[in-house]
């Protein structure tokens, strides 16, 4: 997968450095502000790509035609090369990498009679996950998350599916290898998949998407552990920004995972011939995984809140520690300094100064005073 | 658009200055306190303008009559000039800028048989967004937000629509250009719009209103980014008031956007001949945009809470930093000052004073003591 | 209205003084602790007045009899003087000021066949707002709030209504002028009101009660503005107690306004001949006002929470400011004091003391040291 | 009532002392940890007493038999003495004080055919309030709270009722006088109670239980007032532990009152011949009281949170105050001490020392410096 | 039970030591991060063990066959030895300890026709509690918690049940003695259990699992008490990490107990011949215990939040205490040190120095000054 030029929400690692911090910030801008303003005042159904992926390359169209016995995979350049589709015992999976290519999208829309408002949603990569039933097609839009080890980043990607009677359209923002395992299973003649039709194929893709949420959550869980471990050490580092970044990641993950639950629930109970009952049983499994991902996410939110509380108390505690040192030092030496100041005065008539034992007695007195104060602080448990 | 004399809720920018701050505060007063008290003890249905826009100019009535083939646009002075409306293949869009003009409103109410309670709501610009079905008319009241670049302000404006069988009434507080794009599309013969009747026209206006929410949210998102970036710098500025102002903006946006969701949902499922099924499909799209605006708004609330937490921790951390400097300086020098005080005493019998090596030895001792303390603080990671 | 001897929940104003603070506190006791304990172990239906108004005067019974043409208003001493009521084209409005008069209440209850449990609720002025349908009567209990300018106080008052087929009973705790506008409209022959029967009259009273909530909310909004403005100044005052008092007012307002929503909703959808369909349309308007009052109240809660956060951060910031001054002063002068201490020592052999340039050189060194430290703090942005 | 040996959740009063604090703590242990572990691995339906009341005395069985004309009250030793019950115009109320007596419970269970699982619940005094309909009996379990003036404590007690066709069983943990008012009303021939049957009697007992919640809430309200008043004083005391204890009391009260709402609602809408329609009207009244108790409790929670916030801000403010004093003292005197240190140096060549005006001029300079600094702090409002 | 090598979520005790702290941390890693990533890209239904228990030993299969008269218990090595099951008057309970043994699981799955997706769930010990009805079998997955006294740890264990017409399969992660009491009751001929069939047996197991939640909650309650008690002492220790660990335990307990409520509710209302009506009555009892466990858990969460607030206020208070000591010491001695510094100056013309009473007068003045300051601080209640 080509990740150069991609920016997304990054999970900040605990060994954060300044330089990476900057990169994170830049990624943030993309994430916070959906650039929808360019679409204002356009009539509904206008096809304008809204997203952070630079259209550096042309969209790639991959076509896989298969049934229980036959499997064919090829790349096409133009949408016309797709048609006509093979009839129904065959399933045709058309995967389009790069939704920024508005021209291709328009052609696909025309070829498969997609509703203009939905094409618009596919192009708008800031879309909320949803599913729609329209004119004997099912439209599904979900978010996939991918972990980029180089930049220590979670990269969101919008995946749109259109389920037809004998075809499945899938749209990705970037060319990715997330679905390679499914292609492999198709190639190696997995009977369940080969005979399942577009519904089972869509299930497999959704299952892959939801399974990947656990990957992202595992990364975040790892960061939480690292944070917790670092707080247990004697010199807890400044984890403020790390906490803040993980919190932000969780907010965005939540925003995108939460509606997926609804999407899958709708599919599961949909009264449509495009999804067989067997597929709906499998969808229940995906549904439960989504619930579990949400559960884990909520648990992480709670844990993160706990870690933040803990850190703030550590700060308070440390402040107490510092103040104690200052107070003990000052309280012990300020009276002593006063005493030596007294005998540094230049009065003519100061009998103590002339006494032979004056100097040692002052020392003795000062040492006793210091010890008494130390004992006082000891009893107060300040030292 | 004439914005002089308008005040509203301002989104505070991060480079806030005192002078602008004052202006914001003044704007706030208008926003927080709805001046409904003047209406108390009046009988229900009394037409009294409640709002912050000074009635500096007369209301402007713009009339657009169109069907698939014919388009006519004109301004009228008196309400009587509107009547009679052209019959049903024609749609008449009557736009009234300036709801403060109670006389005009009363005439419009009479001409179109509007219910007095609803006329009252149109005049009361502190109204909660809502929609009502009454006597074969649909009344819709929503809030639009506009960004004023000069004052760095979000300006709320109440937009009321009345959908009739062959006409649409729209009421705005100020003369604005928000709907010019729709007028332009009407002029340039957009068939869908020209043939859609008042229902589709109302949909178009609502779509424009909701799309503008994203503009406001984008501005706030930008401010959030600026705040976050400024917190990452070495010398985070005081962002308290900025945080507070954005929080207030979000509270007010939420108050006005949240009921819009309900309004559009009601329209979408309404069993009325005024809205065709095709319009209701389009309304679903607006509904989803409203949900997405709310999602974004909630996300911003969470982010803002995170930024506030981060800032407070930065403050705590900085306090720790300051205390460390104070404690290190005091703890190192206070014992040394005590020592030099000792040898500043004027006792007659102080053997050290007469020793030849006394002075250099004291220096050596003091330097060793200071180094030992510095090492201690180093080990504690305070320096 | 006679307000001597009344105490309630006060909205604290920002220019709070000690003396007023005391008065507030005393008012609070009444508010927090409902004195229901005196009723424990009494059988259900026992008529005991529970409230804060001292029974200083006798209850006043005002009777208004009207229909479309005739209007008669008089005060009666004894309940028997009320009967018999004029037959149904007439509506009789009986207003009883002073529910503390248990004897009168018992007579009214007997005369109009009121259920003992409901009479008990009318007497118990700590009652939760509610409505009940019983034996062809509708019982409504709501709370009205009144602003007392002298004590800067919100004063709660319980208003109970009983709607019968041709009469309306209204019970107030004190003689008040809140309903005078309605009496005036009755006198001046407002046809809608005169022909509306007891249902429309009850609606008018409820509308007045709910409209007055906005008055109270406006006062609180004004206080919020004052607080916010004072926080923006250079020397933010101590606003803790003001924040706390407004918070308390909001808690109590909420407690009493929230159930009103339910009451009006129940009335609106009630299947009863006592409320005509026209009245139920008007009740929808009241319902919406209640929702709006709740919305405003919630907004104020959020704003108040924001103001509190802001104030706490202002405190933290100011502490930082103070610490910086202390640290800069100490850090600059403590080393200098050490240096002059060194040359105040009385060692016999201190070559610097005898050097001609010693004194000026020490000055030069100290000035350079101070400048260096100031530059260091400058770079840290502490000064 | 015999309260020796009883421990429960205590409402901490504001004049808390150490000794009482210890007692509270001990009470807490009982409250927090339900000792259910002794029941683990026993088969369901095993009768084991789980509670904090030591079985110091034998259970007391009081029997009251009455109808409209006849009233008979006696204590029995053995369960057999109860039987046979008088036939249906008679109602038999059997009150058992001391559920710790497992043998008696088992006999009662056998005699009245009680389900073993429910007998188990009656014995387990950590039971959640609930009601069950089984085999023409109604089982009700609720919690009563009693205020112990000696220990300043709220004492929870579990009350279980079993309603049969012509009898009512009531189980209490301790012999108490809470229901004496009802016994008195029975004796003095209150017709409604005497003719109401076991349903009306159960209602009267529940009414008493719920009315007593207001007693407990009044005590807590009083404590809240005391706390608030003490915070308004010039020297607010340390109210942390008091706040914490009241919070704990509220948590436990809430835990036990909340399900009572559900219990009464179930009874109110139950389709059973054991509760007449008249009783269900009365139960609505109890239901409303429960709602009101919950409302008050929630209000107290909010108030307590407000008091806690206020106290924390008071702490912050006081810290600011302390720091200001320290900073002003240090900042004024540290430079002066440096100056006098300068002229305490022993350099041979210090021209100022020999000047006649040196000493007074230094004084003048120091006084001016001090005044200037004081003016500076004055302008900063620190003094 | 063999606990070596087991790791789970630990409840931290208040006498926490560093060493144990480390062990806890290690345990945490297992708990936070479910290791599902190894399953990504595998086809659905793949049997891979996901869990923290090392497969150190082979799975143990225990078979108990019983009816009202006959009881037989044995261990088998291979799954084939189980078959054929005895016909329906007999119930066969097959308990498999060690779900890590994927081969055995696959054989069991085949022998009893278990659905592959559910077998997968049984192996995946990070499963959310759930129940499923499929092909005349009921699948139940719940979590059991066990307290390990050596490591002061709560150990989670997944228990899966499969209810068939005449058999019950139970799967545990480890060989445990939790169900020994039930085996004992079976052996000793408890008629209810012996005749209840697989439904009653499943109820008994679930009852044991839920009862054990109270054991865990008791341990946590004990820790809360210890924390509270330690906070009441004069020198409250640092309880931050203990609070954090208990919070984490509660988060995980909640995550696993909450769905159990739903599981049992589903079973209770299921329309299946596998559960008799009598069993469903008993399940209601388990349901209530689950509700009560959740109630207790929520109460503990509230209590823990209260303890945390209390601790933070204790910290603030202590900081105030420290600052007061520092301020009093500094404020008293700094002016005195200035005074003695004045008379340590070496001006030639200082008349006071030559006065005979100068020295004692300075002492008198300093003592008076010190007393005045102490009185000032006394009045401020700082000392």
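Note that the chains take the letters A, B, C, D and E in the order they are written out, and that residue 1 is the start of every chain.
The rule is short, and it goes like this: a contact is a pair of C-beta atoms (placed from the backbone, for glycine too) under 8 Å apart; a residue touches a chain by one contact, two chains touch by 3 or more.
Small disclaimer: the values here were computed from a predicted structure and weren't measured.
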{"item": "Chains contacting each of chain C and chain E, listed by label", "value": "D"}
{"item": "Same or different contact residues where chain E meets its copy chain D, judged by the half mark", "value": "different"}
{"item": "Chain centre separation (chain B, chain C; CA means) in Å", "value": "27"}
{"item": "Geometric centre distance via CA averages, chain D-chain B, whole Å", "value": "44"}
{"item": "Multi-partner residues of chain E (each touching 2 or more other chains)", "value": "316, 319, 323, 326, 330, 334, 337, 341, 344-346, 350"}
{"item": "Graph class of chain-chain contacts, one of line, ring, star, complete, other", "value": "ring"}
{"item": "Going round from chain A, first to chain B: chain order", "value": "A, B, C, D, E"}
{"item": "Parts of chain E lying in touch with chain A, wherever the complex brings them together", "value": "21-22, 25, 28-29, 32-37, 39-41, 43-44, 117, 126-128, 130, 235, 238, 240-241, 243-244, 247-248, 251-252, 255, 308, 311-312, 315-316, 318-319, 322-323, 325-326, 329-330, 333-334, 336-337, 340-341, 343-346, 350, 352-354, 356, 358-359, 362"}
{"item": "Of chain C, residues touching chain B in the complex", "value": "181, 185, 190, 192-193, 204, 207-208, 211-212, 214-215, 218, 221-222, 224-225, 228-229, 232, 281-282, 285, 288, 291-292, 295-296, 299-300, 302-303, 306-307, 309-310, 313-314, 316-317, 319-320, 323-324, 326-327, 330-331, 334-335, 337-338, 341-342, 344-350, 381-382"}
